[in-house]
Structure formats: structure tokens, C-alpha cells
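For clarity, chains are labelled A, B, C and D in written order, and residue numbers in each chain start from 1.
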């Protein structure tokens, strides 16, 4: 009987529990978890900030593991048969229906009402449907990819859920060669967005955060400028962006903070006719005063919300890790990971992520 | 010596003054004014709400007149020689430089710092550079079009500055056949946007305003639904939009109110993955609380500011009036005009526009 | 035992045969056919021009009928329960997988290799899976819509498969208000594209065909100009388009002919920087000489192929028919239908469509 | 009196002539030429393949030099005063009018009929208006940029006219992170496009040419695959592209050959729903048979012609050279240059470019 870390209710310590073994259906897969992660959403889950969550739950939406057993012949999207022993990962978002108005007419499949999400919308009573567990059960129809040999499980989890989310934001940003890109927030999504902006041919990438320790990591990935927010001079970073852009502001600004005031600041750092992509607001953290004349209409600006990911972002994420993991084009993805935690250390991991003392926390459920 | 209505300073009554005759330069044109208009911007000018306005000024940015004299041979953009007696109009925005970073690199020519605007950025001391005057002087380089015979001067001014502004907003909205379009505000810009949404193949056009009298006019142009804002039930119109759209909200919402709260309401009336176009905020009327999670990111929405017009909108406006003025495809543009005023009646016109008791006020400077 | 018209092999007369009653599965539906149609694809099928067709087949991909029986509770995409007696239609394209690289990564679902098409890719031995039959069997998972009461079955079939195909082409064309649109070919797709261009706010719609009889119909729908191709002066229509556009050519040209030379002509009728949409080439009719310098690069032109339709085009087609069938906004869809045929008359119908002597042929399988 | 290389008539050897000193007007600039180049267009000029060329001409459209004298105070687009001694370059395309239908309404300024091009549309009798000359005269209004100190004149000319042309093509290609990009042709434009595709985050860049020597250079810039066209197996490279893309073809293919057959091949190497950008056809080299069904419509493909450059491409080219010339992000632009030639050696340079024995030939008019 596998061990799993269970969030029993909001604002309660996570407990390690022994849960029943999964029952393998035709088309299903049992994974032995190698890595899962703690992301900002997990902190929101801990504090009960998401609606409709069926506590108790096993959190952990992005994970990678070793295939223990498959329910008959199961293939990945590329038509490759998934074998026991293979290293596999899967899209946490599940049951997007491709049969409703959102999916088929509005073409907004990340807003499909049928979606289920591993680690978020399943109860621990439904089975091992989250990554903070020694085993994960992949239900029939879950979209699985086996990792190419160039991509280690650690590199995959270093990308984690932040990388495809940032990829979606970068698609929305439509960066042209030479664009100046500002990224607000240097958590996993912001850092990933900054790396992807560099890869997209940005002419300059500027990253803003309040933690110097995070900015040091961003610098190590080659971003051009890092700006620390000063509590005693809260406009300094805004003015610095204008200085760095001949007074115009950035062509593209990407918000990855989840803090409402960042939206107001970001609009003021973006040039007339520029693009402002919001990707950090995954939970309700309140309102902010916006001036529609000065901050939107007069600037002739585009603002683009970015909700969730679809399979293409997940698929392309792995292709990207594969391309940029060989020796000649190396990106040191693993250096994004600040620390690994066992199941027993998860409450510490959550606290560290919440305080920002780690940039990225990964979970290794089979270590003790 | 021609008469002109001069706004001498903010919050002072407009005065009719006799001003010197224009001095005709090579490439310049003298127009005898047939119609000008009073738009919302003129009310802002009256109250000193725009920055850098060189009072005293002659307001009136969109106008149409009869050519009195040209400074040598002057041609319009189609290469047609402009003859005395011709009915001509011109783009109020002048001196866009096509030589600066905004014009050439950022491709945001409506934000060119060199722009001058008839009726707004010229002092009355600079000459007859506004439409509230018996004569208007078109400086060399002003972009002039002669009206095709299908378009009467009255039809042109019924479109006025609102029609190309709405055309720009509609371009930004990228309406697809069948889209549900909500227009917030039924002043000249909102009404024009509603008419253009109908022409663009919208599946349903819903117009919202607080004045029933304006909604009646919208209805006469064939919009599908009109919703009056109820002071005693301020969410009723929002809920009604949701009802009319299976609970989804509109595919496209166009803001044409200039009122900050409309932005918040508009976001809540737009569907996930929809487009929200802001075109009504031409002056600073304050801030509004926006929730970046609920109103932008979770909705995966696009917000698009729309500043000013360029020559293409002006040119296409006249083509549009030409097409839709013949008997078989008639749009009753002239019915947009609520009332005509002489120069002496301009203070009344400004008061009427400000109170919203007229939908559109036109000026006939050569009537008395 | 229902009668059906069966195409037994290429280039053989279609035979009316008695076939076994359908076996209703859970989620399946039996329809009594009211209307089906003969389209250009059926002529291609008759001559064996499509690959991989499992003759014998029952042709007829777009159809409408009355629900006889459902296999348990079956709902349409709007969640509405489908009742016996309801008038229903369905998307002929079936089994798009939303699970492969084409569907999920390339986002080209109309190229999904799993697609099946009623009336084309099913054998008559597989059941009543084509519209030229008294009964049609809708397999579980077929996407069904019940017709709103504003849309009669005859209006629906007047639109037929051509209308959503044209809608897809119009989406690809990105018509802006005022654009001059040329449509090459006035068969059902071309005529539908012309009607939709008018609905999209085109400034001028010009339709070209070799049959005057078809152009007369186009004229009745309000297109601005019709140009007949003259065998003795094959450049006349091209020159006429240039004349009608100040020598520039059209902003948008839509090819709906299936004839290779039309592509060359169409490029020459389109302006520099314009869009050329190809939607008529649904089967291989050979090659044409194109000059990449003169006809593509120098013109800075966009050429856009348009393959198939997805559910959104089908859904929006019905919304469109609903909107434009009431008395105030009437479009006389039914006048597109040249003639109705019984099952026994199908060989005549095929001959008439092939010769172009009818614009649109519909089938009424339950008439005799 | 400066020396210049003059092309007196088509198919005649270029002659070095002594020409009158330029007469400096207000706003004009005299440059001492440091580098000019020989590009494919110059070979077309030599053979009289462009229409309306006013022989005798001084070819050389992209050049860089040292400012000798300015006609009063002249500023560049950034507002920086241009001083004698500064290293400056300029956009060869001149007199785009921003006053005509093409510039203002069609927004196709690279098709403005007023355009003049240094080295192409000016006669040697009009002055020193081409780069194959010891001095170049920049007429008032020519758009000038001074080189930032990070960009050497040699690096600038290594980019030459090919780099902004490729930048325009890459903008048209809308590369997303991870896209597979094929570039047909490894001349200066093709090689530049390949470098820019790498910079844009392409997942794989494949370059095709018939000269192994050029492919070696491409390889040195980091492209993933190079494919040589085999005279004895002319489909091999097409099949290899399909192999490298799971049989799908490239997401994006960029044509930079000027050879009609490449267009047919390129369409066959591009995936369903992909983009095919044509940028190599700058002169008429004949026609090619295209199958509209198989190669366009069935593939649901976009084809995009790319004519000329505007100032934004030129401006961004210099920003790009600045960014990628520092030690940490170095791109070895100078290695694109195969050989330098003096004015006297120009006939040799033309022959070398025509035969493809050099990838890029630059001219140093002040060397002897």
C-alpha cells in the first residue's frame, strides 16, 4: 500500500497516509513517482483559495515516473507503445471534452467545464490522482508522453508546470526578433518566460522581482537586466524600465506575479501599441485600480489573459527540453530547482514556497 | 473677415469673433464651412480636461465645406485635382511625421508625437484651423478628399469623427460572422460601432445606454437588443447580456462610454476567450477597480485599447458612406443628427451634448 | 427495409437498392431523411476521382431529417435532449480524434487522419451512412444539432455543405469593412461565399462564372457585379476587375471553381498585399503554371488553402440561417435550389450538376 | 573627383569612371564609402532583367561609410545629430511617399509607386547614388542611422541587404518556439533567414542548397541539418525533410532561391496547416507547375510573398547586430563574407556571385 501526502482540509498540515493500491483498468497506467513539485497553486490549495476542491486531496499536478504496469497496450500521442520501465509523464489536465461549445465553437478548450486536473479536482478517495504519492494512477485517456532519452526526469520536473504555462504566455505575446521584453516576477513561471523570451530572439529581457536571490538565478540564465523592487522606492523599477527603453516602455510585458498591483505597474512599463500578457493570476488575490484612459486606451495597448495549458504546450515543452539539453545548446534547467523534499518534508516545502525562500521545490516521494 | 466661435479659456463661454482672412500658401486650400460638429472631446476642451491645449482655440475637428480657392494645383490622395466649388473634407489629424520611431518602427502612427489636430492643438492665433468657423484654412499637406456625389455633406457630418473612430474599433474587434457583439454606450461612437457590427455580420448586436432616447435611435438602425441601465438595479443589464448569450457573455464587447465603471462591467459581459475593445476613454475620467484573476486571466480575455484614427479609417469611412447611401442599401445616417446649431448657438450645443439630451449636434457656421 | 441510392463502383449508374434496417446502438440515432443534396464531390465520387473510397457507397454527406428513434438519452452540443420527431442534422465529418498530433499539436483538425465522412468514406455494407437513403443511421458520437424553428429543413439544405465551407473560407479571408471581394465561381460554395462577403461588410462583391444563369442568381442576392467569362476573350473578366478597382485588384479573392487556371487568374485579380483564398480545389484537377515572382513575391500576397470544415462552421451555419431567415433580415436561401430529385432521379441529378445546368440539386429520398 | 563603378548598359562590363563631386544640399550628406556589396539583384541588373532601370547606373544598394560633410544639421531617426567622421548607413529605399493609397490605405508601403532605390533606380547622371563609388551622396530625406560602436562596418556589410530582407521574411513566418523551419537556398538571404530562425526559437533548422561550400558555412552558424541537392536524385532532399519531421513536413518553409522549381518542392516539404514564405523571387525567372489541390488546398497551407523592406527592418537589423556582436552572444557575422573586391575587381565579383562560388561578395571602393 503506497504512501501519499494528503491535504485533508484547508489550513491543516498535510499528512502522510497509506492508501489502497490502484486498480488497473484497460488503458490505465500505474506510475512509480520519481518527481513531483510544489507550485504556487499548491499554496493556494493549502489555504482553501480555489473553489470546488474536494478535500481530502493528493496535490501534485506535474509529475514524472517510471511505468510499473499498463492496462493492456497503451500508446502515447506519437503512437509509441508505452512499456513497463519507461519514464513517462502526463498532462495533468484531463477529460477536456472536445464536445462542448467551449471546446468546439469558442475554441477556448482551456475553459472546458468538463476538465479535471490531477492534484486539484480529484479527491484522495478517488484514488492516487496526484503526484505527492509513491504511485500515481493514470486513468484511461490521460495523455501520456514518454520522455526522450535526452531529457532526464530531473530536467523535466525543473521545467514542471511552469514551463508549458510560460510557453502559452509566450505564444500569446507574439514576440518579434528584437522586442524588449519585461517579465514581472521571477518565480518558476516568470523565470521560464524570461528564458523563453531569450530563446524567441528578444532584443532585451528584463526581469523584476523583490527577492535578489531569484534575480541571481535569472541572471545565470542570461537575462539582460534584473531589477529588484525597493520597498522604500516603489517606482524605481518602473522608471528604470523606461530608461532602458528610450522612455518608450517595453514592447512586451509578461505578468507572472499574481499580485494585483503588478498589473498597474506593468501597463505603465509597456510602450504605446505594446502587448501586456497576464499569466500570474491563477487565484483571486483582489482588485487593483486601473485608469482606462491613461493605462489602456491612450496607450493603444493589448492586454491578454492566459488561462491554463493544452496538450500542445505540454508536448512542445518536452521537445524544447530535448533540444536544449544537449551539450552544445545547454540550458541549465536543473539549476531552477532550489531543493528536493521527501513526502514527510512537504509542510516545510509548502512553507518555503509560500515565503519565497525557494524558487522551486520538488518532491521525491520514493525517497525517505 | 470670417466669423468663428472661439473657446478663449477653459470653463468660459465660447465667443463668436471676427478673425483675419486666411493667407493662402502654395498647396493650401480655403474651405467655406458647410458643417462641423460638437463631439465629446469638445466638452472636454471646454472644461480644460486635455493637456497642452493652446487656448484660445477654434474647436471643430471634423468638418466639410466647399472649396473657395486652392494654392495652385492641389490633388487628393486618389490623384484627383481639387477644384474650387468642390465639396471637400479632410483628416483632422495632421503632420503625422512618418519619420520617427513611433511611425516607422513601433508602427503606432496614431501615437506619433508630431501629430497636430485641427480644432484641438492649434491656437486661434495660428489661423482658421478649426471647423467652428465660416472659413477653414487647410494647410499644405493636409490630407483632403472630395466627397463623391453619392455622399451629401449632411451624411458626411452625420458620420462625423465618430464613424472612423468606430471603424478603427471594429477593426480591432475582428468580428467573425455570427459573433454576439455588445456595445456599451450609445453616443455617436457607440451607435456607429453598433451599425458597423451589424454590417460586419454579427449574429446579435446589443446596445446599452442610460438614455432611452438614444436606444430608440439604435433600435431604428436595426440593432437586436437595447438595454437601459437602471439606477435602481445596476446589475440588471449585465445579467440580461448573460441571459441573451446562454450564460457565456458576448464574443466581442466594445466600450464607448468614457466611464471607468463600464470597463469593469464590460469585462463581466464578455465570454471566456472573447475580445474587449476600449474606444470610449479619450480623456482621463479616473480609475476603476479591476480583478486581474476573475476579470482577465481566468477569462483568457483580450483587451484592446484603440487610440485615434489614421488616414485609412477616414478614407474607408467615405467609401462606406458612398456604398450605404444608395436606395437599395440605405442606412439613414442623417437620422443620427439630433439638431443643427449656428455659431451663436454653440454654448447651447455644448450644454446639450454634455447633458446627453442630444445624440449628435452639428454646427452650420454659415447659417445665422 | 429502407431504399437507398447506391454508387456501386466508379462510372456506373447509381442504383436504388433495398437495404437492411439499421441496428440502434446506445447513443445512436435513426433519422428519416427529409433532404440530402448532390454536390460537386458526388460527381468526383461518380468518376472515381477520390482515393480510398470503399465502393459500394451511399453518397450524400449533408442531410436533414426527422428523428425516428434514439438509443437512450442523446443530447446535442447545446445539451438539449434530442426527441423523436425533432428535425435534426449532423456534421458529416465524424471521428475527428482530438488525440493525435494533427488535432492537438498542429491544430489542423480538418487534417486528422482518423476522420470519417458520411457519404464518402463509409461503405454501403457498413450501414445507412449516407444521405441518399430513406433512413440515415447516426452512429454514437456523431455531432447532432436540432434545427431551431426559424430554420426550415429546406432552408438548411439550401445552405447545404457549401455554406459552412464558404464560412470557413470567409474566416480565412479576414474581410475588413469596405474590402473589395472577388469570388471566382458561382456554384453553391462560390455563391455562399459571395453572400457571406456581403454580410461581412465588403465594399464591393464581384462574382465571376461562365454560366450566365448562375450569375443571375448571384445578382438576385445583391452582389454588386457579375462577370461572365467569355470564351473568345479570356482576359476580359480579369481586366474588368482591375477597372473596377482603380487598377489595384481586389483586396480579397476567393477561388471556388476547382479549375487550376482560375488560380492563376485569381492571383492576377488581387491587389498587392491582398489575400487569395483557395477553397474550390477539393479534388485533383491538375496543375497550372504560376510565376512566383510576378504572381506571389512581387505582389506581397497571401495565399490561403482551406480544407474542410470543423464543428464550429457547422454550428455557426445554423445560427446564421436562423438569424437571416426572419422577415426583416431575410435572405432567400431556398432560391439557391434549382431542382429537387427523388432517389430514382439521382443519375439525372448527377448529370445536371456535372454539366452545370443546375446551381444546386437537392434529393428528397422519401418522395417518389 | 571620385571614382565609381558604372554599369553602362545590360550585359556590358562594368567600367570604373571618374565622376563629378556631389553638390551638397541642405539636409544632404556626403559619405566616404567603406563597404558596399554585390548581391543577386546586381547580377540581375547586369543582365537587364529588371524593368525601367536608367542605365548607366552606379549599383550598390546597401553600403556603409564615414560622414564627410552634412548640409547643415541633420539628425537620424533617433534624433541624434549626425557628425562628420561618424560611421553611417542608410536605407536604400527612398521617397516612400506615405501619401498614396498603397502607403496609407492598403498599408503596403513596400509597393509604393514613388519608391526610389539607391543603386537601382537612379542613373549615374543623377549623381553618386549607388555604393560602388568612393563617395555616396545621401539626398535630403534619406533615412540615415549611425552605427553603434558595437557594430563594425564590416559586420554591418556582412549582414547587408540580405539581413533585413530575411528579417521581413521571418516576421511573415510567425515562428513559434519549437517550430521546424526549412530554408531553401543558402545565399545571403537564406543563410540570414536560417540564423534568424535559430534566434527565434525554432526547434530544428534545416538548410538546403546545391553548393556544399555554402552549407558548410550554414553549419558553422549552428543550423541543425544541411541537405545538398543531388542532381542525380532530385527528390532526395524532399524525402529527407519528411523523414526529419515524422513524415509531416516542416511547420515553416522559407524560399530563398529565386528558382521556380523550389516553390513546388517547398510546398511539398511543408506540413498541412503550415506556412510557406517566398522571399527569394526578386526577379522574373519563369513559371512552375503547381497543383492547387495537392499542394495548396488539401494542405490547408498559407503561402506568403515578401516584397522589399521598410525602415523597421533596417532599424531592427542594426539593433540585432548590436545585440549579437558582444562576446557573450556572438554570432560570427563577418564569416558570411567570402571575399572583398576593389572597384577594379567588380566584374570578377559579379561573375563569382553569379556562379555561386562566393556566398557573399563585398566591395571596398576606397581600396585599390
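A few points about this structure:
The working rule: a contact is a pair of C-beta atoms (placed from the backbone, for glycine too) under 8 Å apart; a residue touches a chain by one contact, two chains touch by 3 or more.
Quick caveat, the model's predicted, so the values are computed rather than measured.
Compared on C-beta pairs in contact, C-D and A-C come out with C-D as the pair having more.
The interface in A-D, A-C or A-B that matches B-D, meaning over half of the contact pairs are the same by residue number, belongs to A-C.
The geometric centre of subunit A is 43 Å away from that of subunit C, both derived from CA atoms.
Subunit B and subunit C have Cα centroids separated by 41 Å.
Each of residues 78, 101, 107, 246, 316 in subunit D touches at least two other chains. Those residues of subunit A that touch subunit B in the complex are listed here as 101-102, 106-108, 110-111, 246, 248, 251, 255, 260, 263, 271-273, 278-294, 296-308.
Taken in their complex, subunit D has these residues touching subunit A: 78, 167, 170-171, 174, 176-178, 196, 199-201, 203-204, 222, 246, 316, 319-320, 323, 328-329. Against subunit A, the residues of subunit C that register as touching in their complex are 77-78, 98-101, 104-105, 107, 143, 310-312, 315-316.
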